[in-house]
Structures are given as C-alpha cells and as structure tokens.
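The structures come next, written out as structure tokens.
You will see chain A twice below: alongside chain B first, and alongside chain C after that.
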Partner chain A sequence: MSFLSIDRVTKQFGIVQVIKGVSIEARKGEFIVFVGPSGCGKSTLLRMIAGLEETSGGTIAIDGEDVTHADPARRHIAMVFQSYALFPHLNVFDNIAFGMQIKKVPRAEIRSRVEEAARILRIEPLLDRKPRQLSGGQRQRAAIGRAIVRKPKIFLFDEPLSNLDAELRTRMRVEIARLHQAIGATMIYVTHDQVEAMTLADRIVVLRNGLVEQTGSPSELYDRPRNLFVAGFLGSPRMALLPARVIRGGPDQLTLSCPACTGPEIDVPGPFRREVRSGEPVTLGLRPETLRWDAADPMLTVRVEITENLGGSTLVHATTSDHQALIMTAAERLAVTPGTLMPLSFGGHPHVFDGEGETLRP
Partner chain B sequence: MAAKTRVVTRAGRRRREAIAGLLFVAPATVGFLAFYLLPTVRAFQISLTDWSLLRAPNVVGLANYRRMIGDPAFWHSAWVTLTYVLYNIPLQTALGLLLAVLSDRLARSVALRAVIIAPYLMSNVVAGLVWMLLLDPILGLTNAWLAHVGLPRQGFLSSPDEAMASVAAISIWRNTGLTALLFYAGLQAIPKHLYEAARLEGADEWSMFRRITLPLLRPVLAFVLVTSLVGSFQVFDVIAVTTEGGPAQSTRAILWYIYENAFKFHKMGYASAISVTLFSVLILVTLLQMRLLRADHSDLD
Partner chain C sequence: MTKLSPQAFLGYAILALFVVLSLLPLWMSLKIGLSYPTDVFGDAERLGMTSLTFGNVLRVMGLPSDIQLTAFRAAPIDFTVALRNSLIYTVLTVTGQIFFSALAGYAFARMRFPGRDLLFFAFLAAAMIPGIVLFIPNFILVKDLGLLNTFAGMVAPTILMTPFAVFFLRQFFMTAPKELDEAARLEGASAFQIFWRVALPIQKGPIATLAILLTINSWNDFFWPFLVGRDPDVRVMAVALADFISQTGRGTPDWTGLMAAVTLSTIPVLVMLVVFGRQIVESLQTSGMK
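And then the complex of A and B:
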C-alpha cells in the first residue's frame, strides 16, 4: 500500500508537454529524491504534488485519497522552497506560526508547537529575528520549521540547498537526513545535485524530458544504471564512456575492440541481458574508482592532463588515445606529471551499453 | 615622479567628475531655486506686508496672520478642503489598491492597465470640462442615465450639497489610475513564492492580502498617501474649471481662496500668509505620515 501514488500524470503548458506520463509510488516514511538536469520537469512534478500546478492528466493520491485537483491547503503537505519563501516582515516565530495563526489555533498551542520545532532545528535563540537578520542556513532552518509544525503527511523540498555555499550545503544535507530519521516523515526532495540524491535518498527517481529514466535505491542506480543517461548523471566524478565494437558475442563473455584500448581486443565477462551480435557498436562505461594503475597488464593507456590531490585520494584527469575524457580516482597519492602516459586496467564488471544507450547488463 | 603624476591625475579626475556632476544637477537646481525656493522665501516676505500689487508694500508684521485666524471665510475654506481630502484619499487609495491587486492576481493584461491609467493622461482642466458637461443638471448624460434607471435628477456641481463630492469624484476618476499603477509596480516586487507558501498554509485571498500584500506594500502605500494627500490639499484646477468656488462657496477650497485674495481682491500679503500657513501644515502632515508609516524602510530585500 503506497502512501503517495502518482499515476501516469501529465502536465501541459500550452502546446508544450513538460511531464509526459510519470508514475511513482512512495511508501510511508520513505525519502524519495527527484533528480535530473534542469528542465527535466522535476520541480514541476513536485509543484503538481503540492497543488501549486494544475495536473493535466493522470491522478495523484496521498494516503489513499485522490487529491489530483484538491486545493493545496487540503493536501496536508508542507513545502520548503529554494528561495525559502519566508515572510520578510514577520519574525521567525510568526513565520513558523503563520499557518496555525490563520487556522486560529489557540495561542498556547501555537507557542508550544513553534518552540518544539525550534528545539528540533536548534533555532530557539532566533525566534524573534526577522529573516533578513538570518544567515542562509538559519533561513533554511526557519523554512523547515514552518514545514514541521504543520505535521504534514508529506514534506516537499524544492532544491532547498542550492542557495547555500558548499560547506553549509554539506552540513544542511546531514541535518535533513537527521531530521528524516528523527521524525520519520515521507519526504520528496528535488535536486539537480547527484551527491544530494545519492546521500539522502531511500529511492532516487531520475527524470529526463518529463519522463522517468530509472527508479531505484542509490546503490541500484549506481551499480546498475539502465542507460547511458543515468550512468553519466549519477556518480561523481563521472563514469568514463568509451566507444567500442563487438567482435564476438556470447552469453558469458563479449570480445570487444575499442580504439582506446591497448590491445586489439578485450574480453568483458558476462552476464548480459540479451544476445549481442558481432559488429554491434557498444559503449564501455568505467567508474573512476574501478580504474587502477597497472603496468603489468594494461587494458588502456591514457595521457595524464591534470591531477587533483584531494588529500586522502587523487583525481587523475586524462584522455584516452582516441581523445575521450576519462577520470580515475586513486586511493593513494599519485605523483604523475601532466603528459605522462599511464597504463590502466579496470576491475570488476564494466558497464556495457548498446547502440541505443541501453544497458546490456541484466 | 610617476607616483606624483598619478596622484595629480587622480585629483584632476576627481575634480572633473565633480564638475560634470554639478553640470548634471544644475538645470534641476536652477529650476528649484528659481521656481520653488525663491518664491517660497518671497511669499514669506510678502506675507509680512500689505502689498496690493498697485501700491508699494508696507511691512505690517504678523497682522495678516492675525487676520487669518479671525477670518471665518478662511476657516470655511479650510473645512471645505478637509472634506475634499476626506472624500478623496480613502476612496482613491482603496480603489487604486483594489484595481492593482485585481489586475495583479487575476488578469495581467497590458491593455487593462492602459485603460486604468488612461484618465490620468488627460489634464485636470480637460477632465473638469468633460465632467462638467456630463454632470450638467439639465443637459448632462449622467442625469439622463439616472432618469433611465428611475433615479431622481441630481444637481451635482450646481448643488451646494453635492458640488464638493462631485469635484472629488472627478479627481478620483482621474487619479485612481496612477495610484493603481504605483501599487501594481509595488506588487511586482513581492516574490510570488510567498503567496504559494501562504496557500499551502491554508491562507485565502483575503488573509494573503492582509498578512502579506499590505505589510509588504507599506513603502509604496506611504508614497501614495503622502503625494496624494499633499495633492488633495492643493485642489485647484478642477474647481477653477467647474465651480469657481461656488455654488454658495461650497467648493471654495484653500487654494481657490488664496487665488481670490491674490488676483481678485489684490490682497497679496494676506494670500501669501495663507499660502505660508498651508505650506507649513503640509510639511508637518508629510513628516508625520512618513514617520507613522516608516516610509524609508522596506521589509523586502
């Protein structure tokens, strides 16, 4: 029994269809992240759940109740906006209490609920400040405070961290994860940042051009991306993608020729989703952390362009012999000068995508 | 040597910039000095004399002011002006706000805004003349329409009881568009996310207006109130075109009374004394309003 059920919804702006039939189910207490490049429709979808955008087709149900065309206030949801949308003329207390004051909740109850939210978010000393007197992170907390006092069925977050600087973003990310653990509410979170998606989500929904590309847990999406788009979008640094051609197909093993590779052919162990014909063009996908410096039995040789020493690890930016960009994450500190030719091999089962960009892995 | 040259050029540049700046403000400054400051100072000087335009003025001290305090016609004109202000300001502000909010929340149409602002593009004199014809008790269209819906004929501008209200109505008709446009501009500065957040919290249109729009519109509201209040106290041209202070002095507003004293009765000294008094009162009212509305302070970033 799903708590939030989105069934084949569409959204039409004039003649442009921005959501082209999306179905998503969320369990109670689940943390779902919508991720995708800008313009993929993720924010529109969130606003449709909130009721801020009219739904053109399909249905949205929350807790078993069809709310497709219900007024936003009747959906029992709370939303945290990218801009925080705090009322600038009200102090933090009144911002958090806004909805309760409108519903004429008794003063004593308002006070106790606001104070409880402030305690959870550690903004008690800030309650009588105006938003302009707060830092970005404090504003964010106040906005979350306004959401939690409502005790909503679902929390909606619309890119809540993108106005914060990098360090604060990391801290607030942890706070949001902690908040989810503490109150156990169902949360839908929109971001274009794949790190936020990977770290926060129970389940990620990858959207592109108004369609769901893939849904799954962060590990599922990382380990078994269904297509090139998901493979390239999730994971930082990005997966290296090398064009190749099938020499011999087989159920357990593919023999490929790839221009970037050292030898004339390489073997990729199975299993595969389907029979692969020889001559088919494919793309080999290599995660940065699966690449190893291997002078003994190299599979490809790359030219180092730049190395980034991150302290605990090193990022090596390189190009292959056929000018494909490739990034390798080395756990150790590598001292290689730009221009060095570096022999690499890859461990594990590399990703293989067919000519349509679909994965050949099961 | 090089450093010294640079210092010299920097100082020179600063002086050139200062000269350019002075040149830019010069036209406005000359206008202000010649047409505002100088007449104000002169008016104050004249108010202390018995100048009649014909004979050389004699200094009479505060006699004109003393006379003003004991002049029932002056107090009558002050009262008439105040009624005009009381008709004008609340209605014009409320109507302007209503039009602005409606056109912001419902129909963001440029054509609609153009229609709303259209009356303001007409001069007061033209508006006054047009409405004088429309409100004519015998030949006017307004009475024809009233008769059509079965209402009795009204005197409008020719009735002592209705004349001031009619003058106010003409001004409201002409000025509401500008007020609405100013409010509309102010509304554009309020982020739309605030309304979305409020809707999620269960606020209806009225509570959004009361709790979000109105407080965030305060600086614009202050500007509108100050300018329209000052403008209302100076009502003159519509009266000059339509009623000339009549009937039975029912529209003899302060500015009209000043005009009569100055150019009909040739009592320049007395007219100046009333002018100076009006000026002082308006400055006080403006300061008070700015203070009460915290006009210099906005909650929006």
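And then the complex of A and C:
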C-alpha cells in the first residue's frame, strides 16, 4: 500500500483551474521529484499536500488516513521553503526547536534532538546565531534542521536550492541525497533543475499545465519519454528534434525522409507501438550523446555554430540544413571552427514521435 | 581635522539654528523653574541662570521647601500625583492600544473572514471623523457608565484600538513574508501562537515606533482627560498644569511653580527619547514612514 496517495485532486483559484486532476502514489521512503515549467502547478500541488492550500476536489491520504481537509499540523509534514522561512528573531536553536516548544516537549529532549539534527547537518557551531548571520547554505541547513527534528512522515521541498550559487547547489544536492539515505524518509521535492531531478529522484513526476505528463524513474523518463514535452524537458543538453515524414511504415522498421538528412531516405529500426502509415509526419528525437562524427557514412550534415570545451568533453552547438538547433556531446576534445560542415551519424534507436507528439516507441 | 565643504557648513549652520530654536523654550522653562520667584522679573531677558534653587520643584511636588508663596490660598496641586497619573494613563493607553491594534491589524492583514475588507474600510472611515465630534457622545457614555473620574473612563476611548494604530500595523503585517506564518503553522502553532511568537516579534521596529508616537500623544492628551478626569486622584499632568494656571485667576501666575511643573512633565518624554532615540530614527528610516 502506498504511503502517500493523491487521487484525482483538483485546485481552483476563483474560476481558474490550476490543478486539473492529478493522481500520484508514493511508497514509504521514496524520493519523488516534481518537475515542470514555471506556472504548471508544482508549488500549488505541494502546498495542497501540506494543507496550506485547500483542495478543491479529489482526496489526499497519508499513511492510510484521509487528510484532504485536515489541518496542516495534523498531517505530520515538514516543508522547506525556497526562501527558507527561518524565523528572523530566533536563533538557529530556537528555529529548529520551534515546533517542539509549541508542543511543550521537555527541555532536555528538545536539546538532545536539536543537537542531533545539528550534528547530522554539521551546523553545531551555528546554533546560537540569528538567521541573518548565516550564509545561504547554512540557512538552508538550518531550515532542513527544523524539518528533520520533528521526524515528520513526509518532507516537502519547494525549490530549496534555487537561491544558492551553482557550486553550493551541487554540494547541497549531494547533502540532500545523503540525508535521504541516512533517515530514509519520504520526500517530495519540487525543482526546475533537471539535473537535481535526475540525480535525486527515485521517481520523477513531470507536470504540465496542472496535469501529469509522465511518471517514472529518471532513466525510464530519459530512455522512454512518452511525448515530445517530456523528451524536450528532461536531458541536458536538450534532445535535438528533427521533423521528418514516413515513406514506408512497418512494424520492424520505418523508412523516413527528413530534410536535414544527407540521403533521400533513412531507415529507423523498430520496434514501434503501432502501425505507421506512409505519409505521416513524425519527429525524430536525437540525444546529444548518441550523435557522432562520421565522415564515412554520414546521416546528416550540420553547420557548427560554436563549440564549448568542457575539459574532458566538448559540446557542439550546430544547426541542421533545415535550420533546426542541434547539440552534440563529444566524449573527446574537438577543435572545430565555427562554420565548419560536420558529418554526423546517430547510433542505436532514435526516438520517434508521431504528429500528436506522442512517442511511437513502446 | 577634516574640512567641511561650504555646503556642509551651511547645512550644519541651519541645523544648529533649529536646534537652538527648539531647545530655547525647554531651557527657559528649566531656568525659570529653578529660579527664586523674586528673581523672575528682574532678569527675564537674560539667557543665563542668575540664581539656582530646587525649591519650586519640591514645592509643586508637595515636598517641604524653603520657598513659600503667601499670595495663594488655594489648595496646593500635588504634581507628584499628577505625574503618577500621567504615567498610568499613558502606559494603559499605549500598551492596550498597541496590543489590541496589533491583533486587529494582523487579522485584517492575514486572516480570511467574511466582510473583512468592508470592516477595514469602515475602520478607516472612522479615522476621518474628527476627534472633537466624538467627545460629547463619548462623555455621555462614560458618564452613564459611571466611569467619570476613573482611569477606566479616561482610557476607554483609546485603550482598545484606534484606526491609526490598526492601519499602521496592518501595513507592516501585510509586507511580512507569508511563508513565516505558514512555516509556523506547519510546526503546529495555533493562530494566536503564530501571531504572538512569529508575526509580532518580527515587527519590533514598527511597534517601537508606534509606541513612541502614541506615548508622546497620550502624554500630551488634554481635552478628554480634562472632561472626564478632573479629580486629583486621576488628574494627569496636562490637566493639572491647566488647573494650576487657573488657580491664580487673573493675577500674576506663579511662574516659577508653573515652569518647575512643566519641566517635571517633560522629563519622562525626554528620557524616553534618549533611551529609544536611536531606535526611533532607525525604524522611521527603515519603514519609510514620514
């Protein structure tokens, strides 16, 4: 049985429906990440789980108990806000102890639990500082401390790292992963950052416009995106998308003509989810790391715009002959001058999407 | 020594002029209050002290003094009691008003209930009514309640809340980050606990500013306490001063006694300004209030 069960919930702000029927199940201890473009309803959904927003329709159950309309305090949930929401007039100790003080937990127990949380987060020397005397990363830790000390059933994070600089973000990301392993709690994490999503999640929920586009493990979503939206959203650099048309369909192989391609037609090996008729417009999706420089048997030729040397590897930004943007990751150091025409081939099984943007792969 | 630019010099000169202008009355009342009654007219135009005595101060405080005025036969006014009454009156109105106005301001800023905005505008509209119009109905009410000459009657119109204080605090509560309230709510705090332990403490600056403004107002309140609190047991400083002047009728007022009492009445306000002055300036700056 699932620990958190969200069943067809909706949220209405006045006449605007922001969440349009979302169902999500999470197992105990699972790390779920919500991703999606700005305004798709990630924060709203998270706040509904916390009880900070009323649920307009559907039900939310935690640990078998229906909490759809329960008070936030009764849900045994902790939330880490993007702005940290530390109480500015209290020092770190009192911030972390706040909830226990409200519940009148004995002083000695408060002390030992705060100290334990501080130890896990390595903020013991900071306990009597005020939030304004802390760096961004330290505030983040203090906010997480306030969350873990209560041993909540579920942790909610709303873009907790987005106010930190890139390096600190990477470090805190690892810390959160470590924390999740250490305490094994159920966590729901909202982010824009798909690296965070890919690295932290047991399961990613891709949201768009108040609806779930796809749910699955990071590699499932990466390898088998259900549609163009998910394919374009996950993966950095982005997948290149090339328009094409079916010449001959078949269950095991498609023959396509694509304006960007070198030859008149290319063969894409199956399997496919359904019979594809000739003449159907499709989109070919190519992950940057599946492209390689191939002068012997090129499938398409692109014009190099700019190359980015990342030390060990190189990012090549290019455009196809029909002006589609394309990025290729080369594992070696490449020195190509901008404007060079570069012959490429793609290995394996490229993604193919039909006219509706749905995948043709099983 | 750093050299002042001509502009800065001019600026300081103008500031110095205003400092002198605003301190002059204080100095004059202090000077006269500490002079022997016989010296007052002899050197009225001089700025410096000619004689020094604390007799007048002791006299108006009802303490034994070497100065006895034989011309007056009215019962002496005890300014020690008046000072005490002013303190009680001010502390009651200021603390009461801030506490209740903060509750109301917080509710108007943060809580959702039917008619909230309507109620708030009704409140604002009430602020437009000139205070003087309210004196008579309030007086009749207080009289019918049998609260004349009691502190309860004197603080009744303002102790609960005033539109200004409610409006002032509501603005600050509205600009505070909502996440703090929400975080406290998730931690299990009740609505009152959120108010008391989070929302209120983070408004320390604005509350201090308001407290200072209200204290100065209440300390100087005259007309309402004059209407309902004439009894010496509850009579505040401002009213006592007025009574003191009227005691001497058309004759020559007891200038030294009056000025000694005036000096006495400014001391608490000055002390407050010295203690909280820095905070006043800071909170006025940070709040962007004029």
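FYI, the second predicted complex is superposed on the first by the 362 of 362 C-alpha atoms of A that agree within 3 Å, B and C clash if a C-alpha of one lies under 4 Å from a C-alpha of the other, contacts with A are read in each partner's own complex, and residues count from 1 in each chain.
Here is the rule we go by: a residue touches a chain if its C-beta (ideal position, glycine included) is under 8 Å from a C-beta of that chain, and two chains touch if they have at least 3 such contacts.
Source: prediction; values computed, not measured.
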item	value
Combined model on chain A: chain C and chain B, fit or clash	clash
Partner chain(s) touched by A:F3 [first = chain B, second = chain C, both, neither]	neither
First (chain B), second (chain C), both or neither touched by A:G99	both
First (chain B), second (chain C), both or neither touched by A:R132	first
Which superposed partner A:W293 touches (first chain B, second chain C, both, neither)	neither
Which superposed partner A:A85 touches (first chain B, second chain C, both, neither)	both
Which of chain B and chain C A:A73 touches, first, second, both or neither	both
Doubly contacted chain A residues - partners chain C and chain B	50, 52, 72-73, 77-79, 81, 83, 85, 87-89, 98-99, 102-103, 146, 150
List of chain A residues in touch with chain C within their complex	50, 52, 72-73, 77-79, 81, 83, 85, 87-89, 98-99, 102-103, 146, 150
Touching residues (chain side chain A, partner chain B) in the complex	50-52, 72-73, 77-79, 81, 83, 85, 87-89, 98-99, 102-103, 130, 132, 146, 150
Residue numbers on chain B that touch chain A, as the complex places them	191, 193-194, 196-203, 207, 211-212, 215-216, 299-301
Contact set on chain C toward chain A in their complex	177, 179-180, 182-189, 193, 197-198, 201-202, 204
